[in-house]
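To keep things simple, chains are lettered A, B and C as they appear, and every chain counts its residues starting from 1.
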Amino acid sequence: MEVFFSQLINGLRVGSVYALIALGYTMVYGIIRLINFAHGDFIMVGGYTLFFTVPLMTAAGMPPWLAVILAIAVCAAVGVGVEKLAYSPVRKKGTKMSTLITAIAMSLFLENLAQALFGANPKQVKTIFNLPNIGNVSGNTILTIVLCVAVMLALQVFVQRTNMGKCMRAVSEDKEAAILMGVNVNRTISITFAIGSGLAAFAALMFVAQYSQVTNTMGSMLGLKAFIAAVLGGIGSIPGAMIGGLVIGMAESLSKAYMGALTGGVITSAFSDAIVFLILIVVLLVKPSGILGKNAGEKV
Amino acid sequence: MSNRKDRLKGSLINFAGLLVLFFILVLVMQSGVVSSYVRGIIVQCFFAIIMVTSLNLVMGFLGQIALGHAGFMAVGAYTSALLAKAMTQANILTATPAAGVVQFLICMAAGALMAGLFGLIVGIPALRLRGDYLAIITLGFGEIIRVIIQNLKIAGSKGLAQGQAGQPLIGIPVMNNVYVLYWIMVLCVAIMFTFVRSKYGRAIMAIREDDIASSCVGLNNTYYKVLTFTISAMFAGVAGAIFAHRGLGTLSQNDFSFLKSTDYVIMVVLGGMGSMTGSIVAAIVLSALPELLRAAAQYRMLVYSVVLVLVMIFKPTGLFGAYEFSLQRGLKRLFGGRKEAQKA
Amino acid sequence: MSEPLTNPASDTPVLEVKNLGINFGGLRAVSEFNLELHKGELVGLIGPNGAGKTTVFNLLTGVYQPTEGYFKLEGRKMNGRQTHQIVAAGVARTFQNIRLFKQMTVLENVLTAFTKDLRYGIVSSTFRSGSFWKEEKAIEDKAMDLLRVFHMEDKAHYVAANLPYGQQRKLEIARALATDMKVLLLDEPAAGMNPTETAELLDCIGIVREKFNIAILLIEHDMSLVMKICERIIVIDYGETIAQGLPAEISKNEKVIAAYLGEQEEEGPIC
């Protein structure tokens, strides 16, 4: 039973990171209907930024986690940059297909740029948090979960109560109408990207705090699973991203721990990745709009 | 519409062109310039051509994004490799080189059928979705296939009864007879070409342009989508078989990752979605180039991704667009004078 | 445009619609829609924006499945069937926003509609058998004949996207008439057209009626067009039929006038 409980907590932690990433995905998809394949790689950008700035912070005598502020700034800048330089021009002239291909291209670009600049070997980041354990659960884990919930709540409030939030919702519902209502669509899109990418920096912080390593490919699998989480929860829905992230995190954790036992060794823990993909396939076939999403049909 | 005489002339010209290319190949191979390294590149070009043209059927002509093409290649590769190992162990068709070719053809066919079957299984549910969702679900299936293969006992190390999961498969019979592979590639491309220039091609292009209008002119969208997807997967299986039996004699599931699928997507997009010619050119150039530019390997993907974004901004349909090279037309232009060429 | 042709209505209606309706999770987009359409008739379907007219078309072509009622084509029940099956049975349609296969040529657009006449399979196609060439030639001839009826044969190899708007609409109608169509559903064909194009459209519809003797159900906002060519008119508002009858009666019907009065309806180019 203890094992189960600790796996569950583990799953919540992993899931919280997925949820943070999924929030970014869902916000961007909600507003420009694009699966930003490069989103996972924004995390990598955040990770490398932390690799450089954490020592800076320590040298300056400040708590290491303040480095995340710089990371957020860098990630947001990269996010907005990618949007303005690549996605926006393609969106104007291209089709659905070309925007998706552009996203894939940006993902490849970021991964390979990082490899060219920093090499393929993983870089170690010093411990960021020195938190006490509560019971059997590490302080890191609790912080991750709490942070995730806090961010989601803050985001929900932002989107529902503020003016910019209203603009975001307007643009995601009907871009043309929003333009007619005087919404500065380009600025709204940029801000959405900035927030989404900034969230990636948070996710990078929590990931690095746990695993201490950054490599240029750390973003791709993380991003993919977080995307699955966003779809599961209902893409475009902020609470949905949270739920989706936690479910995927727990599914992965529990399947790693129990799959072997349950199936008599036929399906081992190596299949946990495939299990996550299987969840995606089932969701897309049974209820593509996800747990909390709404169906938007095409007007004939 | 062309009449019988014109069609015959066209077919003869095309066949003659293919023969000329073949003889050039023979000359090159016999000249002694070709090391096993260059032979490897030639074989790589062949299966890349088949992969890219088959992916173009789905991406360019049908207009759907498929990110799991390497998965079907894997199915074809492993099926063919394992069957070949089993046949070799049982001493079936191993006596002479000619027998070896026949063994290869049988295994390749098995690989193609298996890949086609998987294409059907994946296609039926997946093609109910569109755009982004279809892209992700094909990616998911590709990854699932890869993970399954990775964990199959019979597909690792010595394979079959002596297999160990998680290891690269070794000891695969080698088939690198460039002449045989050339004609297999030609056959594959020809079949795909006839598919595209027929009611099937028109149907899938109509679905690509507007799938609501296509059903309203009486086309059964699901049928054509699944059919095309399955055929595309089958040819990926053929390419997989060729890949499995190339010089090295080993197969690793790393050869079929999502990254590989993206490689082929890039080739299709750059070559031109809707142009078989573009696919062939892109396959050759982008397969040979990395080998020739070994030194700058780490910058390869960097350059590709930038080029890809630029192409998406300035020519979203790809470099060749929907252009198709026609030998007949080309010759007319060269030799027949202006008036004749305009009539073609 | 000459006056509408009078046709003796045959006894069995080509299209029979009984109490057709659809419920979108509480919103009754269309309810109790009834219609009997006879061969050669031209009936107009009008109503304010959002009244449910296109929804009726979507129901009749299987794009939506009705939640109540049914419709029969030549006596055969059609609801529950998929779009391509209904089309193959003989229901043709055009769209409010012209849906052509933009990157294909004019001829190819029409050829797609003849696909159901092609019997050859993959093997025949791959080996380019005699029947392949014969069947392809046959539909190409039929397609060119069709284009000739609409005076578009000289544009056969133009890419559809390059045609002027009026010609695109004509092509869409031509494509819809490819094979053995019994009913033609025209969804706001005159939308976005200037007076010259509208006059050409009237000619086009006239040709269709003359050459194809087909039943037509027409959605339109251009009242002068509707009054000119429709033999009967059905008016719907909020999914319900509020009036049915001859053009003269409809134009004086109080309910109809009330339904339209609340509208900021304006004639003229759509911005």
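Following the convention adopted for this analysis, contacts are C-beta pairs under 8 Å (C-beta built on N, C-alpha and C of every residue); 3 or more make two chains touch, one makes a residue touch a chain.
Values in this document were obtained by computation on a predicted structure and should not be read as measured data.
Participant: By raw count of C-beta pairs in contact, what's the busiest chain pair here?
Facilitator: A-B
Participant: Taking each chain's centre as the average of its Cα atoms, which is closest to the average over all protein Cα atoms shown?
Facilitator: B
Participant: From the centre of subunit C, which chain's CA centre is farthest?
Facilitator: Farthest by centroid: A.
Participant: State, to the nearest whole Å, the distance from the C-alpha centre of subunit A to the C-alpha centre of subunit C.
Facilitator: 47
Participant: So what's the Cα centroid distance for subunit A and subunit B, whole Å?
Facilitator: Whole-Å distance between the two chain centres: 34.
Participant: Could you please state the distance in Å, as a whole number, between where the Cα atoms of subunit B are centred and where those of subunit C are centred?
Facilitator: One centre to the other, that is 42 Å.
Participant: Quick one: which residues in subunit A touch 2 or more of the other chains?
Facilitator: Subunit A, residues with two or more chain partners: 300.
Participant: Note the residues in subunit C that touch 2 or more other chains, in rising order.
Facilitator: Those would be 63, 95.
Participant: Quick check: what residues of subunit B touch more than one other chain, meaning two or more?
Facilitator: Residue numbers touching two or more other chains: 212.
Participant: Please give the residue numbers of subunit C that touch subunit B in the complex, ascending.
Facilitator: Residue list for subunit C touching subunit B: 61, 63, 82-84, 87-88, 92-93, 95, 99-104, 108, 111-113, 115-116, 118, 120, 122, 125-126, 128, 132-133, 136-137, 140, 175-176, 178-179.
Participant: Considering only the defined contacts, which subunit A positions touch subunit B in the complex?
Facilitator: Its residues touching subunit B are 33-35, 86, 89-90, 93-102, 104-106, 108-109, 111-113, 115-116, 224, 227-228, 231, 267-268, 270-271, 273-274, 277-278, 280-281, 284-285, 288, 298, 300.
Participant: In the complex of these two chains, what residues of subunit B are touching subunit C?
Facilitator: 1, 4, 7, 191, 194-195, 198-200, 202-203, 205-206, 209-210, 212-221, 322
Participant: Quick check on the complex: what are the subunit B residues that touch subunit A?
Facilitator: Checking each residue of subunit B against subunit A gives 59, 63, 65, 125, 128-129, 131-133, 135-137, 139-141, 143-144, 147-148, 150-151, 166, 212, 262, 265-266, 269, 273, 298-299, 301-302, 304-306, 308-309, 312-313, 316.
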